[in-house]
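Working notes, structure below.
Naming follows writing order (A, B, C, D, E and F), and every chain is counted from residue 1.
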Amino acid sequence: MKLIIAIIKPFKLDEVREAFVKAGVEGLTVSEVKGYGRQKGQTEIYRGAEYQVNFVPKMKLEAVVDDGAVAGAVEAVKAAAGTGKIGDGKIFVLNVEEAVRIRTGETGSSAL
Amino acid sequence: MKLIIAIIKPFKLDEVREAFVKAGVEGLTVSEVKGYGRQKGQTEIYRGAEYQVNFVPKMKLEAVVDDGAVAGAVEAVKAAAGTGKIGDGKIFVLNVEEAVRIRTGETGSSAL
Amino acid sequence: MKLIIAIIKPFKLDEVREAFVKAGVEGLTVSEVKGYGRQKGQTEIYRGAEYQVNFVPKMKLEAVVDDGAVAGAVEAVKAAAGTGKIGDGKIFVLNVEEAVRIRTGETGSSAL
Amino acid sequence: MKLTSFKGLITKRLIAKGLSGLMLAAVLVGGGLMAAPSAHAQDTAPAASSAPADSTEAALPASSAPAAEAAGTPAPAMLPHQAALTLDTGGAAWILTSTALVLLMTIPGLALFYGGMVRKKNVIATVAQSFAITALVTVVWMVCTYSLAFGFNASSALQPYIGSFDAFFLNHVRVDTAYTAAKGLPEMLWITYQMTFAIITPALIAGAFAERMKFSTLLVFTTLWSIFVYAPICHWVWGGGFLSTAGVLDFAGGTVVHINAGIAGLVCALVLGKRKGYGSENMAPHNLVYTMIGASLLWVGWFGFNAGSEWAADGIASAAMLNTQVATAGAALSWMIVEWVERKKPGMLGLASGAVAGLVAITPAAGFVNPQGALIIGLIAGAGCYGSAVWLKKIFNYDDSLDAFGVHGIGGIIGALLTGVLADASINSLGAGASVMKQAMGIGVTIVWSGVATFIILMICKYTVGLRVSEEGEVEGLDAALHGEAMH
Amino acid sequence: MKLTSFKGLITKRLIAKGLSGLMLAAVLVGGGLMAAPSAHAQDTAPAASSAPADSTEAALPASSAPAAEAAGTPAPAMLPHQAALTLDTGGAAWILTSTALVLLMTIPGLALFYGGMVRKKNVIATVAQSFAITALVTVVWMVCTYSLAFGFNASSALQPYIGSFDAFFLNHVRVDTAYTAAKGLPEMLWITYQMTFAIITPALIAGAFAERMKFSTLLVFTTLWSIFVYAPICHWVWGGGFLSTAGVLDFAGGTVVHINAGIAGLVCALVLGKRKGYGSENMAPHNLVYTMIGASLLWVGWFGFNAGSEWAADGIASAAMLNTQVATAGAALSWMIVEWVERKKPGMLGLASGAVAGLVAITPAAGFVNPQGALIIGLIAGAGCYGSAVWLKKIFNYDDSLDAFGVHGIGGIIGALLTGVLADASINSLGAGASVMKQAMGIGVTIVWSGVATFIILMICKYTVGLRVSEEGEVEGLDAALHGEAMH
Amino acid sequence: MKLTSFKGLITKRLIAKGLSGLMLAAVLVGGGLMAAPSAHAQDTAPAASSAPADSTEAALPASSAPAAEAAGTPAPAMLPHQAALTLDTGGAAWILTSTALVLLMTIPGLALFYGGMVRKKNVIATVAQSFAITALVTVVWMVCTYSLAFGFNASSALQPYIGSFDAFFLNHVRVDTAYTAAKGLPEMLWITYQMTFAIITPALIAGAFAERMKFSTLLVFTTLWSIFVYAPICHWVWGGGFLSTAGVLDFAGGTVVHINAGIAGLVCALVLGKRKGYGSENMAPHNLVYTMIGASLLWVGWFGFNAGSEWAADGIASAAMLNTQVATAGAALSWMIVEWVERKKPGMLGLASGAVAGLVAITPAAGFVNPQGALIIGLIAGAGCYGSAVWLKKIFNYDDSLDAFGVHGIGGIIGALLTGVLADASINSLGAGASVMKQAMGIGVTIVWSGVATFIILMICKYTVGLRVSEEGEVEGLDAALHGEAMH
């Protein structure tokens, strides 16, 4: 099994979630994060004080999928999350050694 | 060393934390996340507008533990986090290549 | 490629970000987390009720870097995040099998 | 002393003469200003107490210093809508308070009521609308709309339709002048009190186009709307225009403020179109505590709106306050019950919406009905507005974001009609003239003028400054897009 | 004109006769309504000024229009608690304002004070309690509790214990009637002003069972409690009942409102039991800014509560306002200092709690003591309530969630007793009759009746609608469980 | 009856005699208290109406009961600053209301205006400052500052500079006494009303040292500052001191409150130094909804501040209210426009800041100028304060965190000077004496005294309790560090 981490633009969340589902991924976990990269944050100005925000709001999606499903999922996410503009985000893939469904105790792929 | 990721129901946080501690895990990191899976979110209705919330609030616990402690920790979490109801959550195990305690510079298991 | 996870004290965020950049890391993702470990949270007292907060606020930085850049990055972070006081935090290194830049589809190191 | 209610005078047939006489005086004024006061004083009696009475009253210690001084020197010329001030300190104290209460309704009341209902990314932009409208309308009112609404037009042919141009920039307004219909209150107080009504009306409309209109457009729209929609309708009902002479009863603004704002809101919702993601995205209120604060301040401030509209601290003002309280409570409960049945759970949003529906519906009736009547109005308004905000909106499928039409339009109509049914002459002698037909006429005229004029103004905005923010802006949120600000 | 204080009249022995005579009149009323007014007018003098006086007064310009008209026609029959209105415009202006201020105390004041102290998942449900109670009690008051509290019972045997049924649905209330104890104010204003007291009392109790009671239960409880606890106690102290004749001093509601609500709260806390996780989970206030806003609006609104209870704008009202300000400040500081010593840090919650403790304690004394006395009351109340909210609660280990008893019960008792000690006849002649024993008697009666009746009402709720939300609901949070709403 | 304005009296040359006579009387009082009243009554006429007039007025039903009683018995001795109360119920009703409105400005108004502008970790500490200052200054005022500010010093050599010590702890204050300059209001009301001004002034200063001063230091600083800076300056301008006799016009506190607080703020900002991370960290306002609520309550409450400063409900009070509304709106718009041009986007913070700038600037002019003048003042103040808050602060590079100086100091100076230019005698006869030179003199004196005294007080604090929180505390946030509390 692999852990797919996708960092995307917030307003793409629903589209990407649907893409995951279409790609056969039945569950995922989302966290609100702040990203630093090529895309710069907007500058806040108030009463003359000027401040360049270093971080831009992003969404981090984490989904553990079967080895077989990885390629398809990655493609799907890429398609759904892309706008062609800077700051679209990244996809990372890590190896997962074990998975357990707490409710049933099932392990491995059947736990997903 | 392994990274144990546990996604659980929010009100189970304290019980699971204690379970980790009992299993000899001395530290962990928690983040508030939103989960998508079999358990569906409640529907919000306001002034006739109806909206099915896709995500349910969850807690994500991350703990890096010695290889030897993994099995016990996973069992402990499973026991503590379970309610038998859908949405109890998942446990994932990943491999960790290195760990460093910033304060002392210790590395490996002694850094945990 | 490796995923460097650094858990640090919140007010060190900017210094650590700059350290990463100096070490050649061009992007990273930050999340607000709560940490449990040796450092204990402060006790809240209100109208006689006393409550020991188990968790202390921390920042989690995640950066995927080239294998070659790992050592330098870890050193840089250690230097920047350290105060010598308990609760300075941890650095974990995990292996990353694939990385994709959504905007361009580039993969591997060039996606970072 | 008891204020002779202007609304009252003109609804009484026998006074029609006095009014036409007033017009005459107004014309004379055109001819010779010096002649005006006396002529006016005589012709409009009992609207204005006779000149000698004035002077004697002016001599009383009760009158304000300037008036006293004026008594010595020959009084300077007055505009036809003006009379000498014969100060009613108790009444003045209550209206000074009421002015503060009605301003409180818009800022922070309405700002929070609306601000809590939008998504978090738009809350600053939403509260900024109420705040900016408050500042803008204040200046517009001082520059021209007060004169257009409450001035008496020198031409008796025009007076039924529009006020005068003589009091632009509050010209000729002095510390010792009063408005003819409220001689116990300094005109400057009258101006400020009425100004707060002119402020909240466009602010209410903003609920219909929330989360998508440009800020610059809001300013242009508000300016034009105040001049071409609010000022004339206010003049027709309260400034001696044709609706008041026709006997339309509107104690505190059901027609002028709420139906007017509601219809304008509906037109705005239809012309601007829906918010991006309407129906698919979750647009649930982001902070119902803000909405609760807003609804509460609207409730409290409405005492100044309704009980203040008696322009005195007396029995009718007390009746208006009691009726406001009872109707609001009744509406909150009836909305809650209907919602409980249909949605299975009663919500804070429902309680707040129901309360506002009741406040709106009792507005035209506050000083005319008895408490039992007020309870009936409230119960009907709560359920009725629930229906319009929930079912009507679904059926016709338009995006009246915060239900400006659903609550203010429908609530105002319910209240205006029921005023004709439930007016009780033992509460207010003017109630004797009440008639559902007259009320319906007033409603109809308001709907037509407000609807058409609002549409034209929107078209002007559309082809000049434009109506909506960019799509990215709408997604990013109006706080950042329009104001470069954010909630941290 | 100066209002003749009803509390005053009946505390003065010589008036006892007049009152029994009043009862007599009340009986006559039963027999023949037409006969009542005159009979009443004579027997209750000086409570009610004599009929001729009335008519002359009615003739004064000062009286309201309807009254003037009434003067022409034969005045219709009045209920024994009513008198002809002789309008005091300055007083009316201040009480109209005070009514708005006291309503402001409950919504949004108390709603925010409490809402900020609960956990985030319960904030909407908590503010909804205050808002729903406001709507509910308004209707109950209009339907029956006003009549039960302030009506004069036709039976002189019953009058000491309960009011009449004649004014249900505000029957017989007119724009030109006044309450005998406040002839300068329209009765409709009196009704609305007193209504705001009836509203805040049950809303205060809610602090004791916050975060666990069902919403439906809240509505049933509030209705029964208003009828069987608030109405009678209000009648005993302010409606001419046996406590007022016994000379118990309660200027603005220390007994009727605060001790009453505090005791009821304690009973609720004991019967409902603790919140799930009490003691182990962190239940610290989630938003002390809301709490600060609430405490501030309580403070400001309390001017209407205390200074308004003079029912006029005069020297005693001014003394009440000054005393309120001084006592509140003193209590905030003394709570802060004790907390600073014990907890090492002074908190915003402490400043707010201390201020409210001072407001509660000065309530019964506001118009009776001098500023030095007010300072003493404040300093004692701040430290005393800290003790009860922090130590007492720990010792007896009950979960009075937001300290309804700790602050209102204890604070009210401290204030009621000290009123007997510090009342200054040079401030208010009624203070001459002050006695700690009488005060203690009033406190005792209130504790017993409020405690027992509240317990019975809770039992009725328990075996019908049930008391607490489900355990899952409590964990999930009342916002979602009860109202299907959430803070986003 | 119309109140004879004290400011007025002493600006009129011919009254100088009366005043010196008053001093004489004051001395006599020292000799024989019994002799004082009559002497005082004669010498200060027309400040005090003659004794017989008093008694007759006292006989009127309009006067308060205690006064009436007093009329019977020989009136007890009065302090030189006191006169017998001749109650103006309408005026009293309005000032009772105004007192509530001005308190509302500080809590929760100013608390939220400032609380929203700081970072989230400091919001509780920031609102706690306003709340604690309210409690502390109330007690200090009652103990000594009222007497120092408004008492008449028995020594005619000292009276121009400082009040008396005779009214410490409000000694000799009775329900039937009034302040000589406002005989229609009970002195206890006058004390409470003026107290609210003494409260908000130090609370305003807090904006300059926000996010870094110790709480204990705040309490010490506020106490000393109230006694040594506020009390004397208040006495000079409003207590019959040398600035009032010199003819400086300050209708509602431009000099006493705003310039005074602004200068003190600047000194604090310079002495305390910048916040850690100033310039590098993002210190943008964390919650502009709180700031909007605060600005709105300041706006609404300011009606009590400005229109209340007429001490009556009359034409001039109405002018003050209208002018306040117009100037505030003008300033909000002009700040918005300048910001729109320079920053490309108009912000909610800008609208709120502009409104406050307008409120500050119109304060000294409110009852002296006409509406056109008010609009001019507003437009200039909005742009002017934008310049000082944005450009000036950048140039001189100091950290006036929330622009106490930028808005209140500069805004107050603009208003005070323009009062000299735009005062209109047809609005207020006192305006006749207006002169820019006199105004500049008043400003200069205030700047020097406030600047020097504030610096000395800060030095005392520095070497005793210390000024700033620890660096870790500043990083962790003042909520946790100072109060052990947090927003959840």
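Going forward, a contact is a pair of C-beta atoms (placed from the backbone, for glycine too) under 8 Å apart; a residue touches a chain by one contact, two chains touch by 3 or more.
Every value quoted in this text rests on a predicted model; they were computed, and no experiment measured them.
Touch-path distance (fewest steps) from subunit B to subunit E is 1.
Where the sister copies subunit E and subunit F meet, the same residue numbers recur on both sides for under half of the interface positions.
The interface with the greater count of contacting C-beta pairs, when D-F is set against B-D, is D-F. For this pair, subunit A with subunit B, the centres built from the Cα atoms lie 18 Å apart. Averaged Cα coordinates give subunit D a centre that lies 33 Å from the centre of subunit E. Work out the mean CA point of subunit B and of subunit F, and you get 57 Å between them.
Residue positions 14, 31, 44-46, 94-95 of subunit A each touch two or more of the other chains. Residue positions of subunit F touching 2 or more other chains, listed in rising order: 88-91, 93-94, 97, 281, 284-285, 293, 343, 347, 349, 484-486.
Listed by label, the pairs of touching chains are A-B, A-C, A-D, A-F, B-C, B-D, B-E, C-E, C-F, D-E, D-F, E-F. Those residues of subunit C lying in contact with subunit A across their complex are 3, 14, 17, 26-31, 64, 94-103, 105, 111-112.
Residues 2, 6-8, 31-38, 54-55, 58, 60, 74, 77-78, 81-95 of subunit B are the ones touching subunit A in the complex.
In the complex of the two chains, the subunit E residues touching subunit F come out as 1-2, 88-91, 93-94, 97, 101, 119-120, 284-289, 292-293, 295-297, 299-300, 303-304, 307, 312-319, 321-322, 325-326, 328-330, 332-333, 336, 343-349, 351-352, 354-355, 370-372, 375, 426-429.
Contacts from subunit D toward subunit F in the complex involve residues 61-69, 85, 87-94, 96-97, 99-100, 103-104, 107-108, 111-112, 115, 123-125, 127-128, 131-132, 134-136, 138-139, 142, 169-170, 173-176, 185-189, 191-192, 195, 215, 290, 293, 482-488.
Within the complex formed with subunit B, the subunit E residues making contact are 280-281, 475, 480, 484-486.
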